[in-house]
Amino acid sequence: MRRRQDLFRWVVVTLTLVFFGLPLFSMLEFTTRDSAGHRTAATWSALADFGVISTRYPDLRAGFLASVGLAVLTVVVMLVLLVPTMTWVRLRLPGLGRTVEFICLLPLTVPAIVLVVGLTPVYAWVTYFLGGNAIWLSFAYVVLVLPYAYRSLDAGLRAIDVRTLSEAARSLGASWTTVMLKVILPNLRTAVLSASFLAVALTLGEFTIASLFSRTNLQVAMYLIGKSDAQISIAVGLASLVFAFVILFAMSFVGGARSATSPLARLRRNRKELT
Amino acid sequence: MTAAPTAYDKAATDATRGVAVELTGLHRSYGPVQALDDLNLRLAPGELVALLGPSGCGKTTALRCLAGLEDPDSGRIEVGGLDLTRVPTNKRDLGMVFQAYSLFPHMTARQNVEFGLQLRRQSSQQRRARAAEMLDLVGLSTQADRFAHQMSGGQQQRVALARALAIEPQVLLLDEPLSALDAKVRVQLRDEIRRIQLEVGTTTLFVTHDQEEALAVADRVGVMRSGRLEQIAAPEELYSRPVNDFVADFVGVTNRLPGDADAKSATVLGGSVPLLVGSATSGPVTVLVRPEHLVVHADPNGPDAVTSVSFLGAHGRVIVGLAAGGQAIVQVPSSAVSNYPPGTRVTVRPTGEAALAVSART
Amino acid sequence: MRPSGALLGVVPFFAYVTVFLLIPALVVVIGAFVSGGRPTLGNIRALGEPAVTSALWHSVVLSVVTAVVGAVLGAILAYAVSTARPNGVLKRFVTSLCGVLAQFGGVILAFAFLATFSAQGFLTRLLGVGGGGLWLYEWDKGLMLVYLYFQVPLMLIVFLPAVEGLRPQWREATETLGGSTALYWRKVAGPILLPSFIGALLLLFTNAFSAYATAAALVSQGAPLLPLQIGGTFTSEVVLGQEGVGKAMALAMVVVVAIVMTAYAVLDRRASKWLVR
């Protein structure tokens, strides 16, 4: 029994790795090849030199910097928006809990491409007031992240019994601000981290909205460069895949079993009956 | 191992339709860990034997070997005279109740109970009648259409018991069936398991780490340590005549008191205590005395002082700090509890009931 | 504090979702029924045009096929992984890899695919099969294959918790009651996993149905899928009324996704009752 399971596992996993590994290996092969078909590290050494990138591929530089900025701003806006609201609703307005949950999960039924359609007039105003910088895409990304971040934070809030903690702190003489900053937030650390991680992952992988609003982020830059210099953009793609994998793999050891494999896994695992 | 012919014979004659079970020389190791080390165990037809021991003592492994869920490295398993050592689980004709969560979640209580009957190709009327009968036996006839997630832990375990018994198994295996339940439900269901087991007369092996539970339900209790049976005997014998200090410590509450042994008795706390068979018989010893085998007297000149008292309902307990070092737990009538506020000077004496002595090692 | 004071605390949140979620939703819903400032059913009627219906049809077929194939392959993989040691390296490796592919796919997957199968691709050169061919860029061939590269990983991630939720006691109880392994799968494990499986299948469907990046990066000729059609209303020189049609298509898309996601939520609730206790 046991041995048959082992054999089955190894056959399936090996086939899977071949299936998924083949394109990844092909990317590597493709980026280490010169026009005559010989091995060369030229593409990768160009990629390793930020100076070369900046001068030769300005789009890539712009996209990379924009994506980093987007990730930071998205995380900040998401946290500022969600953490106080969710805590507050639990403490003072439990009747609103279902409404907030419903709103936060709503984006699940709205594909990014649809959001683009609806956001067009909104972004006309954003551009009018704030200018056309790619970083303002964060406002839309927060909406995309909403369901996943909500689930993460909700799980964190469930685990600590906000009401009892804050009642205990209040009975010891703490103000509401102190309750939030010194009691609730420190206990939400893991949930905040995992929500932030999900936001970063989603932001770095986003293409649809940026592309259709003609803003350049990392994915759009890759796409644009791919038209003229396939090797460098494929190299960037492979590097970012490997980078993301290494982060996830490392986090699987730090944060306990599969704590951050995917926003969708998070979404599913934390679903519980509301009573 | 001390045999207990009385309990054994009694169970054998009471048996309505149980079969004998015999485990001979069972060995099982997980890497360097010996889970079973030459285990020998015989269950008379219709008998309920409890295996008791701390976690990791091998009691669950023994049960799982009997179930066929685990293969012994060596040894022999016989049920009703047939060698089942190499027979797969699903051909062994067993009923098993697990610790928790064993009900099939997509089936109602009735469907769970009918499952084994369905496998035995009974007609649907037969199954329905039998399931109703079994659910009635465990007191759940009104809950037949509920799913596991709609029932309490205690109700789930009752359904699991009904499911195990519905197929009229040769042997019933209970793997810590009560350990996931609340204290009150635990006692209730424990008594009920015993009632039902006596009613159907199925030979039963009950594994538990709770000594009170084992003493309350079993015809005989086997105490295990490191894969071996330390002692197997009727509950009252196990309690009053433990063969070693491990058994004495594990079953009931025991005071470890320093004393001097002299052949068949020992001097403890200024009194004489007859020694049980197997005791150390000379020199400094540790005597294992039950709380109810000590008496305490208020004595202004006494050497010892009360450190705390507790009222436990039917009786009370006085904890006395001994001048000689250590402490003694003494059982007193509950009416006497108020006579011993903490700080009271007292003397403690043994009542003279026989006890086990082991040589004082440290 | 009076309740009205407490309500002030949630004003920022509701203001934000109004601007960036509810207004866009209204823009789509209302815009689908407005043309040139006047109410009309013209946009909805335009959904009946062959270009749109065929794009919708292609999207549905592509999503159904990749969801079914992805779900079956992903489920097998999930079971295989679940038999490994609970916190072993193999499981962490596979789940991390799948997490990256399911989440990060998009443009990079399209590139990976080109690097493998295009005329200059590794596999094409290795096998010496001439010319790559146009099959790569067709929605029912190349796209289907490339979609599996994020559908299978997604299935692993959403289905693995369900497989791991199977309790060993259920198998053992089946055996002690006299059932074989085949019977356990047929009567116990199969029915228990079914709601989770169907739920995951639906999630895969919406995932493929709403995916844009991979297709956009791979398909340069025409717009065979609904998301590409919607994207097309942005980039093409705007024909009069085209905007309204884009909103009507977006609305149609939301309706499909919402129906499927609701079904998913119902099934998932059932599954979590059985499995998470």
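Labels for the chains are A, B and C, by order of writing; each one numbers its residues from 1.
The rule is simple: a residue touches a chain if its C-beta (ideal position, glycine included) is under 8 Å from a C-beta of that chain, and two chains touch if they have at least 3 such contacts.
Since this is a predicted model, take the numbers as computed values, not measurements.
Asker: Give the chains in contact with both subunit A and subunit B, ordered by label.
Answerer: Touching subunit A and subunit B alike, sorted by label: C.
Asker: Most contacts: which chain pair?
Answerer: Ranked by C-beta contact count, first place goes to A-C.
Asker: What is the chain whose Cα centre is as far as it gets from that of subunit A?
Answerer: Of all chains, B has its centre farthest from that of subunit A.
Asker: Quick check: how many Å separate the C-alpha centres of subunit B and subunit C?
Answerer: 55
Asker: Quick one: subunit A and subunit C, Cα centre-to-centre, how many Å?
Answerer: Each chain's C-alpha centroid was found; their separation is 17 Å.
Asker: Where in subunit C do residues touch two or more other chains at once?
Answerer: 273
Asker: Report the residues of subunit C in contact with subunit A in the complex, numbered from low to high.
Answerer: Its residues touching subunit A are 1, 3, 6-7, 9-10, 12-13, 16-17, 19-21, 23-28, 31, 76-77, 80-81, 83-84, 86-87, 90, 92-109, 111-116, 120-123, 149, 152-154, 157-158, 160-161, 181, 203, 206, 209-210, 212-213, 216-217, 227, 230-231, 233-235, 246-247, 250, 253-254, 257-258, 261, 268-269, 272-273, 276.
Asker: Name, in rising order, each residue of subunit A that touches subunit C in their complex.
Answerer: 1, 5-6, 8-9, 12-13, 16, 19-20, 22-27, 29-31, 81-82, 84-85, 88-89, 92-93, 96, 100, 103, 106-122, 139-140, 142-143, 146, 201-202, 204-205, 207-208, 211-212, 219, 222-223, 226, 230, 233-234, 237-238, 240-241, 244-245, 248-249, 252-253, 257-258, 260-265, 268-269, 271-273
Asker: Of all residues in subunit C, which touch subunit B in the complex?
Answerer: Residue positions touching the partner: 167, 169-170, 172-180, 183, 187-188, 191-192, 273-275, 277.
Asker: If we count contacts the way the header does, which residues on subunit B are in touch with subunit C in the complex?
Answerer: Touching subunit C from subunit B are residues 67-69, 88-96, 98-102, 104-106, 115-116, 119-120, 147-149, 160, 163-164, 167, 173.
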